[in-house]
Every structure is written in structure tokens, then in C-alpha cells.
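Note that the chains take the letters A, B and C in the order they are written out, and that residue 1 is the start of every chain.
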Amino acid sequence: MSKVIQWIDQRFPLSSFVKHDLVEYPTPRNLSYWWNFGFLAGFVLVLQIITGIFLAMHYKPDASLAFDSVDHIMREVNYGWLIRYMHAVGASAFFAVIYIHMARTLYYGSYRAPRELMWWTGQALLLALMATAFMGYLLPWGQMSFWGAQVITSLFGATPFIGDEIVIWLRGDFAVGDATLTRFFALHYLFPFIICAIVIIHLIALHHVKSSNPSGINLTAKDNIPFHPYFTVKDLFGLGVFLIIYSYFVFFNPEFFIEAENNQPANPLQTPPHIVPEWYFLPFYAILRSVPDLLGGVIAMGLSVMIFAAMPFLDRSKIPGGAKYRPIYRAMFYIFIIDVVVLGYVGTQPLTDLWVIVGQIATVIYFAAFALLPFLSKYEEKQLRKKGLPPVVEELIRCEEQCGCTEPK
Amino acid sequence: MTTSKSDSKIDLPEAPDRRQFIEKATCAVAGVGIAAVAWPFISSMNPADDVLSQSTLEVDLSQIKTGEVKTVEWQGKPVFIFHREPSQISAMQSSTGSDIDPQPDEARVQKPEWLVVIGLCTHLGCVPTKKAEGWFCPCHGSRYDNSGRVLRGPAPKNLYLLPYQFVSTDKLLLGKA
Amino acid sequence: MIKKSHIRLILLLTCCFQIGSSWAGSQGSVLREDDIEHEPGNLQNGMRVVMNSCTLCHDLKYVKFRDLAGIGLSAESIDKVRGVNKANDPVLSKMNAEQMNALFGMTTPDLSLMAKARSDGAQYIYSLLLAYHERRDGTVINKLYPEIKMPDVLAYSIESDERMRLTMEQNARDVAAFLAWTADPKAEERRTLGVYVMLYLFVLTYMLYLVKQKTWLRLKP
């Protein structure tokens, strides 16, 4: 075996890559379990691709056949029910993992210099994932699939001047139909591989700047340990815990994430009483509905997803890394999380007076968190400096100002 | 498990338990799990239940006149159902085909007047055409007699048999012996 | 300081709100709460009622006659049930689309997935069949779903004999159980396999935990 590897090594940097980037790769020794979620996201990506490809062996992307083909998979294909439920639960698992991963990044300030490109490739990954999930949801061609797609594609009609043409171009027809379904299938199959490519860029950036860590400041070399075996075993243990939660849903409550309405075939002539997107879109859906004007709502929704990208610029505090030494930032983080949960709940409710008001207040808080950050972060820094910073923090700020960047040694 | 050089600055020496039992056991258990997970995916590529339920086919024989061949589709393949005349039957019973794949006629039929064979040339799978003396494959010129036995190559074997049974005198069930 | 466990709780509560909001549409006290049994006897009785009554107007197009082996029917029993239909044929209604439209003004919904297409599942179907009520003016209305076009097929609303009513209630439960099976025939296989998978994962995760602890003990403090 080692002879084979030697032969390869003369022609391809296999062993040196494995040694440098997987085994000896220096990782801060104090990473907590919040750092497991990047690996989990990669795992769920592979899981979705594999289950998706095996589903595609039996699924028919035609409006007259799609719903029946999903039922065929559930009843007739060997273990078809298992692969289908793995894929459906996997989509929700993907968003759960990604949202926790993002929350970790926000809390610990991992988006700050020199990790801005990681944050922005992450932003691109979030958008690609949302598009993939949206298109995938149409494929079963149930009532909720159809009407969710109908509503969301109509939003593009808010585009000034060419709105109507854009909607028809997107759908390939005057309403969501067979043309829409076929192209969504083609793109749903394609996008995960685009996601893989962006993940590779995301990881190359990571290996250049190395992981941030819970202390919020860059550690010295002696505080790093090799990735293998320490973090390989830690990631695998975290994977075990994840698989337990995931398998509970797949085997004992798989329809938890499937709207009952979606077990009815799409009927273009009858709208369901409540159109609800999947849970992971609910906060953005609530923001969309909070603005009475169509174009305003679409802009607000788009902004609510994109605004994360601005974080490296909005956070103007020189106090390093995240919430640990910053009580105001910490409070804003928790308020933001609670606000997102409230928005999510608002997204499930019909638009009665109460929920409209709650949604609008929650939307204002959402954007206020970002809008106030530049001012509050500067104010907080002033207050903290007056009280006196811990010596470690002083040292790092001094080092940053001297070298101009926070390249870890 | 290998330890890299940088370990020595931060690690204690490797555990005296050289056997590394828990690591090996965990690998083994994980390996079993991975194999178990692979199985449903591999199995899903096998024919689905509704395809398997189509694996038998009923054929009504009453409309097939003597001397006629009816071709039906079974499991995606053509099947020749040949209602043989008495002269054809005795001619076939008096020989064992050719040297390529000798076989007595009796071994190829349940009732002598009904020949049931897969209608694909055993060379490369083309569908042979019926002639007076048997079948002729237009692709490479193989010839078969009225018992489906190969007389001239390049086909290496007689036309393949399939399991079937007579559910009544004029009804065949293909696919189940 | 809010801990990991608190954040997990918040996420869990979010999921609960999701379920809660779909229950918000249910009909409160008209939804019956008695347990529906899913034994083979119930499924087979339910199947008989469905084949004899419901399929007059309703399709179950995703159920093939041969599938009934899944509720314990022998090949001979299936032959009796399917009559002139072949074993691979779907269970279709005796009416065609024109007749349905003439009688009800719409095509009747297919029942194969009905237990999954309603958020309260089998409990809803059971309650619906018995929710018919005769008003003082003689008209019959369904209290669970007033706009329903289906008539009171069990004639429950006008039945006063207590024993007959109990039989109808049992039949309604069995129909609901059978339809729960048609909507999810793999449920039992899924849960059984799930038990093995969960046991395996608990064992494997514990072993991975031991490996993690042992590995990290090698670090100098």
C-alpha cells in the first residue's frame, strides 16, 4: 500500500496535503462544541447529494407524473420511503446546522478581519442553499409546493418596469406549471455542486486564516494542537449526537417537517387556507409580509438576508472577537436571536391585526440591530476603555495596530 | 493511529495500552454502520415492487392458429409462442439440432405443439425473423430451427428457454414454472 | 449567562409553535379523542367497510389489490376482494368523473393519502364520519366540516339504537385505521428499523465519546 502512495506522491501532493491540511493543521485547543457545526454542514451536504441522486433515479420531473412518482418511491421502491424521508429531514437539518453555525460566527465575531471572505463565501452559500431548498420544495408537486412557488415567483413581479416579464420568464409559463417544474428540477440538481465549489473556496480561506476561537482573541502558536486526532475524534463524536437527533425524526416523526397539505396533489384552481413556507424561511417570510407595499416587502425581505454581509463594516469596535468582552454586543445578539424566533412564529400566523403589529415591531428590531451596531459598538468601546481593558485584550489591540492585520503566528 | 512530530511538544507519550482497543472497536462498529447504511441505497436500485409484480404474464393461446408464431413482451423481452404443426414437431424430434449446442426437442417443450422461447438471438440480442425452417437473425446471419436450436453461428447457444406453465389448455402463464 | 441548553430549548419551542399553529385550525371539541386501534382485525374490518361503501364514490388509486397482503390477507382473500380486477390493479371507485360531478359538483378526493393530508390524521377521519348531526328542520350537517358534499354515509345522525351507534363508531375507527395504513403502509417497518438504528447510534456515539475523552487526555495541560 505504501508503495502505491509513494508512486502517487511523486506525481501528486497527496501525502503532503493530508499531512499539512488534515493532520497537522494547527487548530486552537480551546474550540468548543459550537465549532462542530461547520463539519456537520459539510456532512449534511454530502448526505443530501447522495439521497438526492438516488431519489432522482425514480423521480419524474413532469407535472402529470411528479406526485405519483414520489408516491411510487414511498410505496414501491425498495427503501424508497427511507431515502425520501432522509432527504426531507435532511433539508431541515441542513438549515438548523447552518443557522447555528452562523450564530456561532456572529457571537464570537468570527466574521471580523481577517475572516471577512469566509463570512462572504458563507453568505453566498446561504443564498445558494435557500435557492436550492426553494426549488426542491416544488418537486413533490403537492398543494403547498405549488402555491408556495406561485407566491414566491410572483414576488419578482415587484421589479419596476419589467416585473411581469421577469415572472413569466422565471416560470416559463403564465403560472407555475410543468415548465417551471422541469427547470427547477434541473437547477435543484445543479446547485448543490455549485455549493460544493463554494465550500472548497470557503475551506481554502479557512486554512489560510485558521479558525477563530471562543476566547475571541488570536492565540499564539503554542495554543494550537493538530487537527488530527483531536478534532477528528471530536467532530465524529458530535456527528454521533447529530445522527441521533436526525434519526429520531427520520424514523419516528418524519412528517413533522412536511405540511399535511402537501400530501394533496397540486390544484391550480384551489388555494389552501394557509400558505406557509418551510420553517427555515419563516422569519424572512414574516418580514416580507410586514411591509404593506409589495416592492417594499420584497426589498425588506432581500435586505434581511443580505444584510449579514455588512457585518464586518457595521461592527466598528476594536475590542477583539465577539461577545466575550462586550456586554452591549452580547445583549444585542440575544435580542436578535429572540427576535428571529418571534418573527418565525409570526410567519405561521394569519394576518390579523395583532400579528401584523407584532411582525412589524419585530421587523424594526431586526433591522435596528444592524443599523445601531456601528454606533453602539463605538459607544461600547469608549465605555470599556474608560473602565480599563483586560491586559490580553490591550496586547492584541496594540499588536493589531502595529502589524495592521491579525495574522496568527 | 499515527502521531505527528508536533505531538511531542504538547502530548503526553502515547498511552501504554498499545492495543488501542477502544479505537479499533469503534472503527469496527462504525464500519458495520456504514455498510448497513449503504445497503438500502444499493437495494433501491433493484426492481421496485410494481416492476416485480409485472414479472409474470398471462397469454391466451386460443387465437394462435397452427403454424403461427405470436410474439409477446415479457420482462421487457420478446417471447415467441409457436403453435407447431405435426410435421414440424416430428422433424424437430428426430434431431438434436447442430454440433454448436445439441439438445433434444423434448427437453425444450412441455407440450410438443407449443414452443415457448425468448425471441432474442443468443449472439448479441437482435430479434430473429421467422422463416419456414425456423428463424434467421438479420444482424450476423445466425440460423435456428423450429425448436429454436442454433444451426449456424455466430450465435453460440440455442434460443433461451423461460419458466412458464399451462394454467389451462389455452392459457399460458409466462414467468412462473 | 444563557447556556447551550437554553438555546436548544428556544429552538425546540420554535418547532412546537409550528405544530401548535397547525392545530390552531382544528375544531376543538368536535374532534374525538378516543384511541384508534391499529390491530390487523381493525385494519381488515376497515378495509371491508371501505371496499363495500367508500369505493362507491372514492378512489384509492395508490393502493393495489396485491398490497392488501400487508394487512394480513391471503392470496385467496385478495382474489375474493378484487373480483374482476387484476391483482396489480389500483382500487378505483365505481363511479367515473362525470357521475361524481353530476352528484356532487366536483370529483371526490382520493383517499389513499387522506390520513396524511389532514393535520389530525386518522383522528380527523374518524371524527368526520361521526360528526353528522340532524338539525331540527330535518337537514343534516357535518359539524366538523360544514361545507362537506359527502352525505352521512353511516346514517349515524339518524340512528337512535345505541348498539347500532356503537357498531358504527367501531366501523368509523376501523376505517380511520385502514386509511392510516393506506397513507403510510411502511410505518411499522420504519419504526422497527428505527429502534435498531437508535440503539446502534447510542452505542456508537458512546464509543466515540470514550475515544474522544481518551484522545484528549493525552494533551499536556
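Quick note on the criterion: contacts are C-beta pairs under 8 Å (C-beta built on N, C-alpha and C of every residue); 3 or more make two chains touch, one makes a residue touch a chain.
Since the model is a prediction, treat every value here as computed from it, not as a measurement.
Q: Tell me which chain's centre, taken as the mean of its C-alpha atoms, is farthest from chain B.
A: Using the mean of the C-alpha atoms as each chain's centre, the farthest one from chain B is A.
Q: When contacts are scored as defined above, which chain pair ends up with more C-beta pairs, A-B or B-C?
A: A-B
Q: With chain centres defined as C-alpha means, what is the inter-centre distance between chain A and chain C in Å?
A: Each chain reduced to its C-alpha mean, chain A and chain C end up 34 Å apart.
Q: Just how far, in Å, is the C-alpha centre of chain B from the one of chain A?
A: Each chain's C-alpha centroid was found; their separation is 49 Å.
Q: Per the centroid of Cα atoms for each chain, what is the distance between chain B and chain C, given in Å?
A: 41
Q: I need the residues of chain A touching at least two other chains; which ones are they?
A: In chain A, residues 29, 75, 82, 225, 229 touch at least two other chains, as defined above.
Q: Of all residues in chain B, which are in touch with two or more distinct other chains?
A: Where chain B meets two or more other chains at a single residue, that happens at 10, 50.
Q: Could you say which residues in chain C touch two or more other chains, in rising order?
A: 204, 208, 211, 219
Q: Write out the stretch or stretches of chain C touching chain A in their complex.
A: Answer in residue numbers: 2, 4, 7, 10-11, 13-15, 17-19, 21-22, 25, 62, 67, 109, 112-113, 116-119, 121, 183, 185-186, 190-191, 193-194, 197-198, 201-202, 204-205, 208-209, 211-212, 215-216, 219.
Q: Quick one: which bits of chain C touch chain B in the complex? Just the residue numbers, please.
A: 64, 66, 87-88, 200, 203-204, 207-208, 210-211, 214, 217-220
Q: For chain B, which residues are in contact with chain C within the complex?
A: 10-12, 14-15, 22-23, 25-26, 29-30, 33, 36, 50, 53-54
Q: Could you list, by residue number, the parts of chain B that touch chain A in their complex?
A: Interface residues on the chain B side: 1-2, 4, 6-7, 9-10, 40-41, 43-46, 48-51.
Q: Per the contact definition, I'd like the list of chain A residues that touch chain B in the complex.
A: Chain A residues touching chain B: 19, 23-24, 26, 29, 50, 54, 57-58, 72, 75-80, 82-83, 222, 225-226, 228-229.
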